[in-house]
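Here it is, the structure in full.
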Amino acid sequence: MSLLEIKDACKRFGGVQAISEVSFRVEQGEILGLIGPNGAGKTTLFNLITGAIQMDRGSVLWDGREITGLRPDLACKAGISRTFQVTRPFGRMTCLENVYVPLLENQPNLKGKARQQESARLLGVTGLAGKEAWLAESLNLIDKKRLELARALAAGPRLILLDEVLGGLNTMEMQDALKLIKSIRDEYEMTVVWIEHIMGAIMSVCERVLVLDMGRLICQGEPGVVCQDPAVIEAYLGEQADA
Amino acid sequence: ADTVKIGVVGPRTGGAAATGTAFEEGIELALEKINAGGGLLGKKVEVVFEDTAGDPAKAASGIEKLITKDKVAMVLGESHSSAALAEIDVANRYKVPLIIAEAWHDDITKKNYPYVFRAGPCNSGVVNENIIGFVKDYKFKKVAIFAENTDWGMGIKDLAEVALKKAGIEFMTIITERKSQDHYAELNKVKKFKPDLILAFVYGFGVHYLIAQAGEVGMIPGQALLLEGAGPPSLWPQFWDTVGKYGNLELFVSRMHEKVMLTKVAKDFDQAYRKKFGKAPTDYKSRSIYDVILIAADALKRAKSTDGDKLVSALEKTNLEVSSGMVKFGTEKGSYAYHQWQPPMLIIQWQDKKQVVVYPLSGKTGDLKK
Amino acid sequence: MEDLLLYLTNGVVMGTTYALAALGVTLIVGIMGIINFAHGEFYVLAGYFSALFAQGAGLDPISSMLIAVILVFFVGLAVERTLIRPTYGDELYSLIITFILYIILQNAYLVIFGPFPSKPPNWVSGASNLFGLFYYGNQRLVSFAASAVLIALFMVVMHKTWLGRVIRSVAMDREMASMLGVNTARVNMLSFGLGCVLAALAGVILTPVFPVTPTVGVGVSLTAFVVMILGGLGSFSGCIVGGILLGIVENLGVGYLSSGYKHLFGFVILILVLFFRPTGFFGQKQI
Amino acid sequence: MQAATTIGSGNKPALTGFTPWLVCLAVFALLPLTLGPYWLNSAIMGLFYVMMASSWNLLAGYTGQVSFAHAAFAGIGCYTSGILSAKLGLHPLLGLPLGVAMAALLSLALGALCIRMGGIYLSLTTLGFSEIVRIVIQNEYEITRGTMGLKVPFIIGPYSKITAFYLMLAVAVAMVGLIAWLVNSDMGLKFRAVLNDETAARSLGVNVTRARVFAFVISGAMAGLAGSIYGHYLLLITPHIPSLDLMFHVLAMAVIGGLGTLAGPVVGALLLEVLSEFVRHFSDKYHILVFGCVALLFARFAPQGLVGLVGDWWKKAGAKGGE
Amino acid sequence: MLEVKDLKASIGENRVLRGISLEVPQGSSVAVLGANGAGKSSLIRTITGLLKATSGKVLLNGEEIQNQPPHVISRLGVAVVPEGRRMFADMNVQDNLMMGAFLPRGRKMLDQTMEEVLSLFPVLKERLDQRAGTLSGGEQQMLSIGRALMSRPVLLILDELSLGLAPVIVQEIYRVLEKVRQRTTMLLVEQSVEMALRNTSYAYLLETGSLSRQGASADLLADPGLKEAYLGL
């Protein structure tokens, strides 16, 4: 049984068919890449999975159980957490407090000192050590993305949905970040679905890639194979790929 | 203190703020008169006017402020029964005499508080001695009562219902919101009842709308006459603006009429008012407060003290001519007549914008037109 | 039957005036996302002005109404400039500011105009027999006609003119409109002014029937809010439907249920609508 | 709803630590020794407003929901307790919790109905609700005595302002304490998360609606408590308590004091109560007008309120001193 | 025509433009290329006045326009087809087009321009009364371009022209732009590099807020290293 299965998902916004008839599975323990041109519907897909928006048609199976349209907070408690492409920190709260919120909701047994230690640890893992007491709004964009990640991890999910977490990193930082993403799976034993436009990064980490275009799933498979797919080249990579 | 302080309570803001203005005028004239005569107890008299906004809670804290902070010798005034009913408790607790001028609810004196007096109309007096007499004497057969859902409206409605029932006169009652501006639907119900008299117990501008709309739907004049049970609203300057021609033949209860001067004080007041404000007095409440201040001054003079108990016994012995007659408070406990002096009331009809007294029959200045 | 007809007629007449008064609130909500609590206060101001000019200055009713509306327009512009502009994008803040403004204006009117009602002369007098069944005040009929015409005019302006197009485009996408050359700050100011003008128009049309006092504003605002939620926030057609619905419900309620609870019926309907159709009859977007 | 940043920023209290609070409390507790009955009355009113403004602030300042039904809940509390004690002879101390329960129950119903629809709807619905409450109280004459007001017994023992003062003081302190504890508790963390970013909070497992409704109910219950005690002090309860006028005072006090801070509403309520006595002395007519203008100036030019202003000034002075 | 000198801009803490200089000569058609998040849209938002420049200059026909509000800039004849189409969704197609001609220069020749635009995009002609929000993505993109043309711009800026469009439609649109090109200078931002290079005369390559390369489109098209640069690794 797959960890997550999407069946025939459809979503329309006014005149835009953002998602049409998308079906796929996510297997336990994999790192699944999700790519596609801007506006292809990647973020919308995340929103559908977490129940942030309701799908018009189709269903979501979680661990074989139907959870279509489950409220975001319940989806989180069921074990799916996510980051936001446009970061959404709790601006007027400190980094530590930002991480408290998911801990509080998902690991209520953790109290006082223990909670503080766990939060600090997560901030450390994501590279925010030393900034525990900063107001989240005073972080720069990259650190805000790190905070997103720390919060998503703190929810202790089985599946984590990452929406463009690498943007703005330089090559060195990128290497660390890729290590982190791998360790999320290997050490924390979480399954990862990851949207990123940086093909090199996707290729180096993901076992499998989905390609969305205009709301449709046009291709899926191993990264190397997907990159050679003419439809993907046409829609996403650009025709000069063969140049 | 180098002045004798008297407190006045009444609405200066809120829906009935017009009363506050009337009170202010009356106070000014009364103070002029008293201070020109040398004041009281060898000191000038000063009035502190506390706004109650027609709200009982505000009234209670207002009178408490007058007593505890301004240390007034007596408190006068009020035109809302609800506010007055709150004030009497406070006055009685602090043992400071309170003379109500224009709050009509029976309970105000019916509670028989020793420190509470009323030198003005009460509902029972107005209904039983005035309105029902009018209905009977002019032989009205079917009466529709329009009452606002306030204590005054509901209280006077209850009394009227009892009295009409006793007199064997057919009637119906409509309860309405004081602030409602549209009465078409209610008037429709009344119209089907085909009354020949409408008793309107709606205060303030609400009654203007009621009159205008009763006219528009063709009830008045012609099918029925309308008697407005409070009085002043029919005399306010805005009355004719709103009701237009439908105001003709409207009836209202009043304590004052330009031709009817019951006493010399009334004439003096009329003259002083015209001189001071350059117009004829319209809202009779300015004269009511004037009268009450004179009563208070008289009591202070005779008591030669500002002590509450001495003032009460002086008040109980009052025998003073004011503008609407000789004041004498009832002293027998057990009913609303205790510490109550009911001034004579008139029922006046507008005839071609002239006020014609049609009741009591003894004071008639013209015939009732239907 | 005859009763029902009267209640319906009166409901439609009153409802149309409610709709007119609510259009201004709807306009401002739609474009700026701001609930103007002081809406009724602008209605009252226009009412006072028109009475003042007609009676105090002896102008004819039409020009006094016109001047009143224009004056209120400028007051609206000034309020937008000084108080509302800093609140854009913060609905809490604008709620608080306009709520305070409502209290201030109401008390200022009391001080300035006194507690008395003011009313310009009626345009027409007398009453007409409708359907051969009952009499109905002529002034009401005329005011109803004027409201209906104004509402129709408003809809035409909104949908068929440049002004309307610009206002609607700003409501839909402020940034894009500015890229097409629209000065959105000015459109905001104008829209707020226009919202006030609609309040003022309702004011001058209705004061002959319902004279203004300093405290009637809050009732006007409340009615407008109820109408707006019934129709759906920001929807003009919803506003018209909501207004008429409210008028009819109130009249049927007074006619067949209890006359003391007239103002309650509207709120009860409101709660019902919120429960079963939270976006109102015509509402699509959640604000 | 991210927009609440200007006013209700959900900041940490400007005054931290216990000492200043304790000193103020001690001074305040000694007031009855020096004040005459008139000013004692003002102090009691001030305490009532402290409770109202603080509990409203819990809602507006900490979760970003502007409710106009706060006065209505105070009214529901005082009328429930008042009717029970005046008509059924229940002891006010028993009526009180029932009043609170009633306010909580109705706020739960109202909150569940409209909170899921967001900001403006909440404000407008609560406004409508508060009108309903006022109209019903006014019309159900037989039970509530309408505008005449209902006479209710004093809260406990014979009438005494001093008793009332200390009782109100104790309840107000407890209430502010509870609010302080709440906003610094886990629940408070959720409130602030919701205020900062609803969507993000939801995605991290926070049940946003429940947090909001919870705040709404707590604050409604607090208003109910404040209202019932106040009613039993006034001895006469009228539709003025559940009125928009009173609502305005509460709002103005919280805004002028500083939304989203613990000290703001307390300072605002006490200061403005005293100030309004002076203004009233100067002129009745202009009382609310002056009050309104002050509130408007604050809302427009100093949305962070008095406490925020003093805080800024303090910081600046500190920075200068440090140089 | 348009000249950008050492332009810098930030969104919050994030420095999205780190000193960009480029030139769009009169009558030319210039492309700006770059990976996602390189700052292309930010550049356009800064030129059109939606984003504040922290330093540097934008010159339109020699006149400094940086940090002017958008409506002032559009008055100078700059029209934008923004990223994400930005329809007035509840207005019909005709009203959307008319809004494009809101400024005097457009209004003067309203009927004529309308006819021209409708003949460029015959699909729109059939849908004048349809609500813009209900158009398909491709139709919306055409409407967005049509709306920009309605103002008779001297400079037309297009962001992510082919985004989410089927190749046939993209070709169609480029065909239309070719026609328009005769009277309008164009600056276009594209992700589909090849398309862009084939249809422009000069191109700039953006990487995390700075220019990494520039050159005549034809030269770049022939450069094998380009793909690597574009894909960011």
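To keep things simple, chains are lettered A, B, C, D and E as they appear, and every chain counts its residues starting from 1.
Note that a residue touches a chain if its C-beta (ideal position, glycine included) is under 8 Å from a C-beta of that chain, and two chains touch if they have at least 3 such contacts.
Nothing here was measured: the structure is a model prediction, and the numbers come from that model.
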item: Chains contacting each of chain C and chain E, listed by label; value: none
item: Chain A to chain B, fewest steps along touching chains; value: 2
item: Farthest-lying chain, centroid of Cα atoms versus that of chain E; value: B
item: Chain B and chain D, separation of their C-alpha mean positions in angstrom; value: 38
item: Whole-Å gap between the CA centroids of chain A and chain D; value: 43
item: Separation of chain B from chain E, taking each centre as the mean of its C-alpha atoms, in whole Å; value: 78
item: Euclidean distance of C-alpha centroids - chain A vs chain C, Å; value: 48
item: Two or more partner chains touched - positions in chain A; value: none
item: Contacts with 2+ other chains: residues of chain E; value: 87, 89
item: Shared-contact residues (touching 2 or more other chains) in chain B; value: 13, 149
item: Complex interface listing, chain A residues touching chain D; value: 50, 52, 71-73, 76-77, 81-82, 84, 88-93, 97, 100-102, 104-106, 151-152, 154-155
item: Chain B contact footprint on chain C (complex, rising order); value: 3, 6-7, 10, 14, 55, 107, 110, 114-119, 121-122, 125, 127, 134-137, 140, 210-211, 213, 215-216, 219, 251, 254-255, 258-260, 262-263
item: Contact set on chain B toward chain D in their complex; value: 12-13, 49-51, 54-58, 60-61, 64-65, 68-69, 81-82, 85-86, 89, 93, 105, 149-151, 154
item: Chain D residues touching chain B - in the complex, by the definition given at the top; value: 36-38, 41, 138-139, 141, 145-149, 151, 159, 234-238, 240-241, 284-285, 288
item: Interfacial residue positions of chain D with respect to chain C in the complex; value: 1, 3-8, 60, 64, 66, 68, 113-114, 116-121, 123-125, 127-129, 131-132, 135-136, 139, 244-245, 248, 251-252, 255, 285-286, 288-289, 292-293, 295-296, 299-300, 303
